[in-house]
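A quick write-up on the structure given underneath.
Here the chain labels run A, B, C and D in written order, and each chain numbers its own residues starting at 1.
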Amino acid sequence: MDSVSLKDAGPIVADMAAVIVEHAAYLSEIDGAIGDGDHGINMSKGFRRAGERLGPHPPDLAQGFATLGETLLDEIGGSTGPLYGSFFLDMAASLKGRDAIDRDSFGAMLHAGVAAVIDLGGAKTGDKTLVDVLAPAVATYDEAAAKGEPFHTCLEALDRASEAGLEATRDMVARIGRASRLGERSRGHLDAGAASCRMLLGALSRGLRRHL
Amino acid sequence: MDSVSLKDAGPIVADMAAVIVEHAAYLSEIDGAIGDGDHGINMSKGFRRAGERLGPHPPDLAQGFATLGETLLDEIGGSTGPLYGSFFLDMAASLKGRDAIDRDSFGAMLHAGVAAVIDLGGAKTGDKTLVDVLAPAVATYDEAAAKGEPFHTCLEALDRASEAGLEATRDMVARIGRASRLGERSRGHLDAGAASCRMLLGALSRGLRRHL
Amino acid sequence: MNRVVNNPEEVVEDAVTGLLAAHPDLLAATDNPRVIRAVGAPKSGKVGIVTGGGSGHEPAFVGYVGPGLIDAVALGEVFASPSARSFHHAFKAADGGHGVACLYGNYAGDNMNVKMAVKLAEREGLVVKTVVANDDVASAPAEEASKRRGVAGEILTWKVGAARADERADLDAVIVSAQKAIDATRSIGIGLSACTIPAAGKPNFTIKEGHMEVGIGHHGEPGVAVVPTRSARDMAALMMDAILADLPFAGEDVAVLVSGLGATPLMELYILYGHVAEILAAHHIAPRHRFVGNYFTSLDMMGVSVTLMRLDAELDRLISAPARSIGLTIGGKS
Amino acid sequence: MNRVVNNPEEVVEDAVTGLLAAHPDLLAATDNPRVIRAVGAPKSGKVGIVTGGGSGHEPAFVGYVGPGLIDAVALGEVFASPSARSFHHAFKAADGGHGVACLYGNYAGDNMNVKMAVKLAEREGLVVKTVVANDDVASAPAEEASKRRGVAGEILTWKVGAARADERADLDAVIVSAQKAIDATRSIGIGLSACTIPAAGKPNFTIKEGHMEVGIGHHGEPGVAVVPTRSARDMAALMMDAILADLPFAGEDVAVLVSGLGATPLMELYILYGHVAEILAAHHIAPRHRFVGNYFTSLDMMGVSVTLMRLDAELDRLISAPARSIGLTIGGKS
């Protein structure tokens, strides 16, 4: 079966950090519409510092995710720090003992990450959070994998599903987090966490596909 | 020589209180232009309470002034309380032992009151304060008295001079009190304390003349 | 925005510098720049007391670090939870070998960061137990009390938990007392103006001039009603009605705390307290401990909050125990 | 204006009600509703310490009544001197048979009312001596120091005078120490917003948004310059320059007091203090006593003031002596 060595995949973490840092202003702007306008600041601070910790010679993907998760837990408070922190830490943990990632271990990794987010934050699908990107992305990935699609195709499906998941948050009423205070008024805006999550999954998917 | 019994003059204190209470809003308005806008409040509070203390049966003028002065010292802080308080107390003291007031004892009384104000407040003519009503009023009164004019005429001269004194404050630059902070910007406005002082001297002059 | 700051992104760093310089007798730095411990902490043989929360509420949280109160505090960005690692480091700074009680407020970020921090600590064999303050009656109905935010009642909970720890109670006993404290405590606030986070430069919510937001949260969270501003007397009645309807206080002894939200002149807090005292008297409630001041603020917000804690003999004793800190000193007889 | 008041004309009455209800252990009413005395005052055998001033500066003035501090205080309307009679009654309430030291601030109204009050007291054989605080360097040049206003330096002067009286020094000795205290003290403030007297309903001065009034007075009196708002670091430098140019402090021990003017968040006062501490260090000035908080306010004004007192052994001892009050508690070790 197709797989990518974790070593080769290491630099993808830098790509993920880059996309967040580049879109920091955009993420804050979305958060500003229905939240407190700091999502881009929080995320870019965490990902920039993770980038600094990772240094010029990227370690393998597992180590990269572990460092990312730790940095977020160390330096970023609010909701983002612990949510994304445990997302990446638990994904890193699921890779323990491996030196390559394939379709099934990627699926297992994603499940571990999503479970961590849901376990910690308690958000359900439809609450207008990053879970609304994660849940359909992982479900679509699972479906494709169950159909026996190759890793590359599953990753494409994940990418598309995360984009659709993000778009779907626009019409949701927030039921968790700061935006939930606004009730109906939160409808009509994308969710900031969903937007950053879609960027991260997109960069991850693209990065892995480059090696397949 | 013409004189008025202090007993007959007693009700004048009520007239003086009335003119202040009636013009409270106007006095505050003037103070508002170059001060802190409370002169009418301060004065009317003091004169109203003095009126209450004096009760329905007015005592003689000396006792009336004493009560007025004490009330101002008791209840009104700021600058107005002690300035007008000692003005009236020292006028009352100068009437001690008399039961009538004539041209010369009125002059002596006024001198005592003006001296108290100047001693306490240290204002000089031209500083744009109530002294700019008091000083010309007493000077004009003295002149008329020195010429041998009767009490009634001297009181008329006092009335006119206090009006002119008030008008003269309009073109002065404040050198003492709150308005002095404004420097040149204080020019073009009447001084609030001068305005109340002119009202008080006017009511006093008119009230005594009614008995002459 | 016209304020006393340098780089608005670095207000917390700059404030910490000043705090440590001003209070070397009370506060000590740790390796984590967002964790401050009490001078003399950790005290061996004693349960450590930790709290933490977003900055901008000063004297909360750091202002309650000191003998008889908090052993270590985690500081977040303005109005944002401290990181999980900072909570974790605060636990370590407070640990005197008998475990740590983390007494904090019920906010999504704090809940998650504390939860992660407790996991990190557990891995190292450090036992941490938590009490989550949820005293704000306006933030959710009584049936959903677990969703309520923690506000100024946290201060009284810290006082109780810390005093109990000073009595050398074990971790479970400290947790029981602190939980009892917050369960016996109710708060509500009224906001009269928005506040401005320096990094944002402008308020991120508004209160219409001449109106008041009843039940406002400490970050400007919407309350239960926006109504034309009433007299201080009516504000007190409104707040006390909400508190007294939520928990029976009649005939009890209480600790009462009136806090300004930042910009309200102290004289107005006393005006409000006068009416609170009247209402207490009418309900035969005896205010044994009275705190009036800026105890838990929201930057430059105009407004006020009222907190009541029902006292039994234990809570009364623990509130009375000596303590010294920037925000609260008790027993400084002279 | 959106504030916590009832009838705006009666804010002082209403605040007094709340003050007395909140602090029965510290404050006692007198026959004059505008005079509050310390519980236990007058103390026989001790010089009485009195102050007074306009309301709206809380915790000044009433917040410094208590053991080791003020024996009796006269309260004026908001931003207006108390009446002569109130000062007179405060003298009587503080008199323990050894005379009274009246330590107050240099304002026209206060000067006149105190002068009259002293006359009234003298007639009754009560000896009152006065010290007039004039610590605000921005309010007049050094050559006209007697015209300077008294600001937050008053607090340190009260502390010194009261501690000296507690040592059972006689009236002249108390006056000498208090005069020495204020002579060794310099202050300056920066205003960032106007404040609103409730009875007026709107500010009676303005500070342009984005600008700061350097040297502002406690009632909004114009300062020495209005300039675009600078960083906290530059504000500290500006204020310290003005203070250090006025009196040589280099190499000395000092007490330093940073006070908010009302609406400034406490965290920003600490930001400022951090820079003040830096500047002190650069001048080899040792801050032996550090006070940071809302010590002397101007209703809801945004802004800050800095006060420095040069210490000799006596002033150091007197500042260190125990005291307890709403605004300042010293020696409450626990």
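What we mean here is this: contacts are C-beta pairs under 8 Å (C-beta built on N, C-alpha and C of every residue); 3 or more make two chains touch, one makes a residue touch a chain.
Quick caveat: nothing in here was measured; it's all calculated off a predicted structure.
When the partners of chain A are compared with those of chain C, no chain appears in both lists.
Distances between chain centres, each the mean of the C-alpha atoms, put A farthest from chain B. Between the Cα centres of chain B and chain D there is a gap of 34 Å. Per-chain CA centroids place chain B at a distance of 56 Å from chain C.
Chain A and chain B have Cα centroids lying 81 Å from one another. Note on chain placement: the centre of chain C and the centre of chain D lie 29 Å apart, centres being C-alpha means. For chain C, residues touching at least two other chains: there are none. Of all residues in chain A, none touches two or more other chains. If touching chains are joined by edges, the resulting network of the protein chains shown is an open path.
Contact annotation for chain pairs lists A-C, B-D, C-D, with touch applied as defined. Contact residues on chain D toward chain B in their complex (touch as defined above): 54, 76-77, 79-86, 108-109, 112-113, 115-116, 120, 199-200, 204, 219, 221-222.
Within the complex formed with chain D, the chain C residues making contact are 2-7, 11-12, 14-19, 21-23, 55-56, 58-59, 63, 67-68, 192-193, 207, 209-212, 229, 231-233, 235, 262-275, 277, 290, 292-294, 297, 299-300, 302, 304, 322-324, 326, 329-334.
Residue ranges on chain B touching chain D, taken from their complex, read 32, 36-38, 41-42, 73-79, 81-83, 85-86, 120-121, 176-177, 181.
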